[in-house]
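Note that the chains are named A, B, C and D in the order they appear, and that numbering of residues resets to 1 at the start of each chain.
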């Protein structure tokens, strides 16, 4: 249950305030040259403390790779890794040892397991996603060889929605601002909104858009292994995710068929190409060679820096005075996580597809 | 890849125009009394030809159970079953043997496998979902014993959207009309829209809402086995699904945290209860005992009864004259499929949760 | 739990006296031409009633393939199949409805599940292995393309042991006699022994040897997916199997290292070759290109045609008067099952190995 | 492929001469008090350098648990752990960087992956089994609560075979001598043989017997999840294992059915009990409540401290001058590994069996 993927498979471990988090990547193909700087760069993009828009928890998030590489190349054996938890202010959490924070996992973990490591949310903390970024960043280096490129960006914060389709934005602009929105002017408005919300002790949610380019025809499996079902499972496993759609999605699903079918025309190398792409690059669960694009909805962070009414583990009403360092908005830091999960799905799907033929 | 579930697991087989479709249900707990009439009733709800709003293909969809039951009780051994394909008009499909229907899986299956059974869409046909209804209906009989109730309904067709929250509608109204919408007046408008679209040779999409009541606290697993991630994967594996969200979802994810957190108050039997349920009954991926509710977006059916421009398998442009019998709108028949997939996820999650403790 | 394999995966269903047994084969690569006569031939080799050495139950064992093939080629979609149970003498089993046969699964199934289909042993009957022969025979047709050949033979019945190494026997001799022993003279002695034992109402066990030739270097995965561990799991899942060894096995494991290491010498195409093959074609869990050979021990059939003392399901002592039609020795009919399980492992391992590299 | 188990699942990583080995244990039930001293004790039993009969590599084998425990109890979340590799004499292995050691995995790993970490055997080193001992020792602490006890012992070294059935030996004697043989007199002869072989630069193999007591009725699943098939897979995944049998096994499988069936008689609490136990505690793949016992054959270590002829990675003949520190006989150190693998299988099977019923 702490593993993701069939062939390229991440198994992760770790709690927010234990000595370290980490994971094991199984199924990485052999012979791939790994650029550790690229890996570290992705971790820096997810790292807390990187801007004033995110939590001030200060983690260097240095990853230690313990196996699976030799002379800079993958060996085909599993890649074990750890990331130390350095800046633990566990005392910040003493107030919640016996109190259930609203809309957090405190109550559900306690009820399920009979006990929980309450410090920093324990296993339910988004700190775990650093392990996903490691697995995703390594998958990306394999996907680079295959010509598959993935990027994501913040497309909505609160009621500020990026108006145009992904095709109007350059991925090069995404990291030009701390919101990770490819329209600089809208990014500024989003950033201002996040700061305003933060100063009010409140939080805010939004939407991230993901794009996969260069995907060959044929990835995804019938009928339960549909490529978009695997992407949905991947995205919905990210902390705070509340929704996933792709292609026409929720917004255009009410249109007419005549408005939404993607006409085939002869394309390059004799392959069919579609004039439009309402399908989102996937037909019948299998990639058709067009761009894949999708959206992920993220809820506002549940920790408010205000007093909130709740119950304790004896069932009594109490007031929670939240402390700790928290993101007012998960979107900026979730962008590399969305990319990482997409990369894992794509490499895994690519490897599985190899078995469709002798 | 044709299996779904970890413990309670359906493996399905079959093409639209082969002799039969069917499946194997593994992991059904022993000692459950099976009511075959209830099973048949669910299949009738998915059956083609049940109303003027759906395809006129006429299948009795009688299921033959071949194993796993003895004297009316489950034995703990796998349940094999078949459903005959009777009303095959394969000749309707001769026109598409070498032509790729737009927004269908013809091209992607051909490209992936090098060949395809084109008749009726082959494996990509929604006919396969009859097997899911069998597995879901049997799961439901186990869930009945556990007090878990699942229902779904059509909440949007085209631009006609059911305005209120699921709590305003009675599940008893759902099957009172062929659209499967619990508001009779809106159902009538939806039905009229579907007929209008159908008579124009067009199709239309929409949204189904699903509800799970009586779910105990504790179902769902960290971190990749989150209950909503499993529901997302289940729903997105249904033909024509384009999106999934739950709780506040896409519509309210842009709200403030202070508007969206669910305050805990003391509930029955000393268990915490939430005053609101923006979380959708799941916190940290684990059920919290409140109602679970979610939405699934469905695209308009891709087969238009009009001439459409496309390409053939030689890469040449051609005109497709679609024939065959097709749904103008999948929503009415997808309702029992959504319920079936949800039932499979819930029983599986319930069984997995048993292993959390000795 | 009723599935075998990772990529090439059989899921089977069915009880001895239900309407049919069958299964679903997932993961068969697309584009393989299937010879149905070869498939039927393998089923005939396992069929009851084929000689005087085996049970007189008379099953034609015709298999009906329901999906996954089109115009004689595999399509990449799952292959569903059924085999009817025709010659059920369920009344033969009324005596064991409440009585536990010694060394059978009656008691353990009843205790595990709380109920059981007692007729013919229900799910625990070796009749289930017909489904394995289907999956194995289809896998063999893929392996033929890859140049991998598998055969097995009876190498011990009672205390009659085939004296020489597998290299001394021709696979062409195996089916020249009903014992399936490649030495005709010893086969005759084995056959006479089986008949003698049968006429005394007794049964007898022995050993089957399996051989895999033409396996390329590189199949098998570290560390839990070792090729021999997968073969062991496959063979031990066969009814009545009590032991598995490969290469030097139990008999020579007590030798010195200096007697058992396999010296490398330059082989064909610059590949290393070993002068001896005590390793059994597998080193470190991965095939090395030499022949793979292994043994499987089978116990004597537990059903004696004599009165035996036992207990009933109330815990009372009783006398069992066994009826029904039973094999006095499983070895002859188990030969094609051993081959089938080996074929499934080899094709699956070959497909998994494709994912070792981009 | 580097994971073992369905619910209680170990995923391991690490090479012999990397910075550390380790693993992640998923599926450990919550609320189990862990005694770290018992865990360390098991690691000491596997540790190199513990006696003159085993390799002189000196590893403290301290394990660092990084997650999954809180206040001494398991939390239900995954347990990540590392074990440092301290005493690496990688230079000992420079001679094999381009040379294939006979009957080792050097050639097969190189051929499969195109490259390998040659130092100390890399991933194919038995050093990886320390991770299994961690997972097994933790499983044992859960099994203790369930009353299931597991032990193993050396029952054959070279041609010295322990003559009597496991019932004649006390598990308390096993660790009274470095061979881990419960008969002190025979243990002394075995130890002398190992020393003699070692001083000749040679190695020797043998057999380990495993015993599982207190197993309840009902563990193991039809038909591919048979309890003995899972034990076989577990044991055959251990380095140097060449065979597995249980109950009557290879030695008695040639007997008559009348000699081998286990008569049921009324037992305690109204449960059937068998007068004999040739079945080895498992009938139809499911435990019957009697003792489970099995044997595992281990080959002689392949590294001889002599010059041996072999080939290099260019395909040329060469002489290998083996260096490094090696066990002359794996049996003594393999005893805790056999126990660990058995413990993992039993806990996993116990947890899976919980899902047989609502």
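Keep in mind that, in the parts below, contacts are C-beta pairs under 8 Å (C-beta built on N, C-alpha and C of every residue); 3 or more make two chains touch, one makes a residue touch a chain.
Source: prediction; values computed, not measured.
A.B. asks: Of the pairs B-C and A-C, which shows more C-beta pairs in contact?
C.D. replies: Counting C-beta pairs in contact for B-C and A-C gives the edge to B-C.
A.B. asks: What whole-number Å value describes the gap between the mean CA coordinates of chain C and chain D?
C.D. replies: Inter-chain centre distance comes to 26 Å.
A.B. asks: List the centre-to-centre spacing of chain B and chain C in whole Å, with centres computed as mean CA coordinates.
C.D. replies: Here the centre of chain C sits 39 Å away from the centre of chain B.
A.B. asks: Please tell me the distance, in whole Å, between the geometric centres of chain A and chain C computed from their C-alpha atoms.
C.D. replies: The mean C-alpha positions of chain A and chain C differ by 46 Å.
A.B. asks: Where does chain B touch two or more other chains at once, residue-wise?
C.D. replies: 1-3, 12, 27, 30-31, 76-77, 112-114, 123, 222, 352, 356-357
A.B. asks: Quick one: label the inter-chain contact graph as line, ring, star, complete or other.
C.D. replies: Shape of the chain contacts: complete, all pairs touching.
A.B. asks: Under the touch definition given earlier, write down the residues of chain B that touch chain C in their complex.
C.D. replies: Within the complex, chain B contacts chain C at residues 1-3, 9, 11-15, 18-24, 26-27, 30-31, 64, 66-68, 70-71, 73, 75-80, 82, 112-117, 122-123.
A.B. asks: Can you list the residues on chain D that touch chain B in the complex?
C.D. replies: Against chain B, the touching part of chain D is residues 7, 27, 29-32, 76-77, 142, 145-146, 222, 351-352, 354-358.
A.B. asks: Can you name the residues of chain B that touch chain A in the complex?
C.D. replies: Chain B reaches chain A through residues 1-4, 12, 100, 102-105, 107-109, 111-114, 123-124, 128, 156-159, 161, 197, 202-207, 217-218, 220-226, 228-230, 232-233, 235-237, 241-250, 253-266, 270-272, 274, 278-280, 282-288, 295, 297-304, 306, 308-311, 315-317, 352-353, 356-357.
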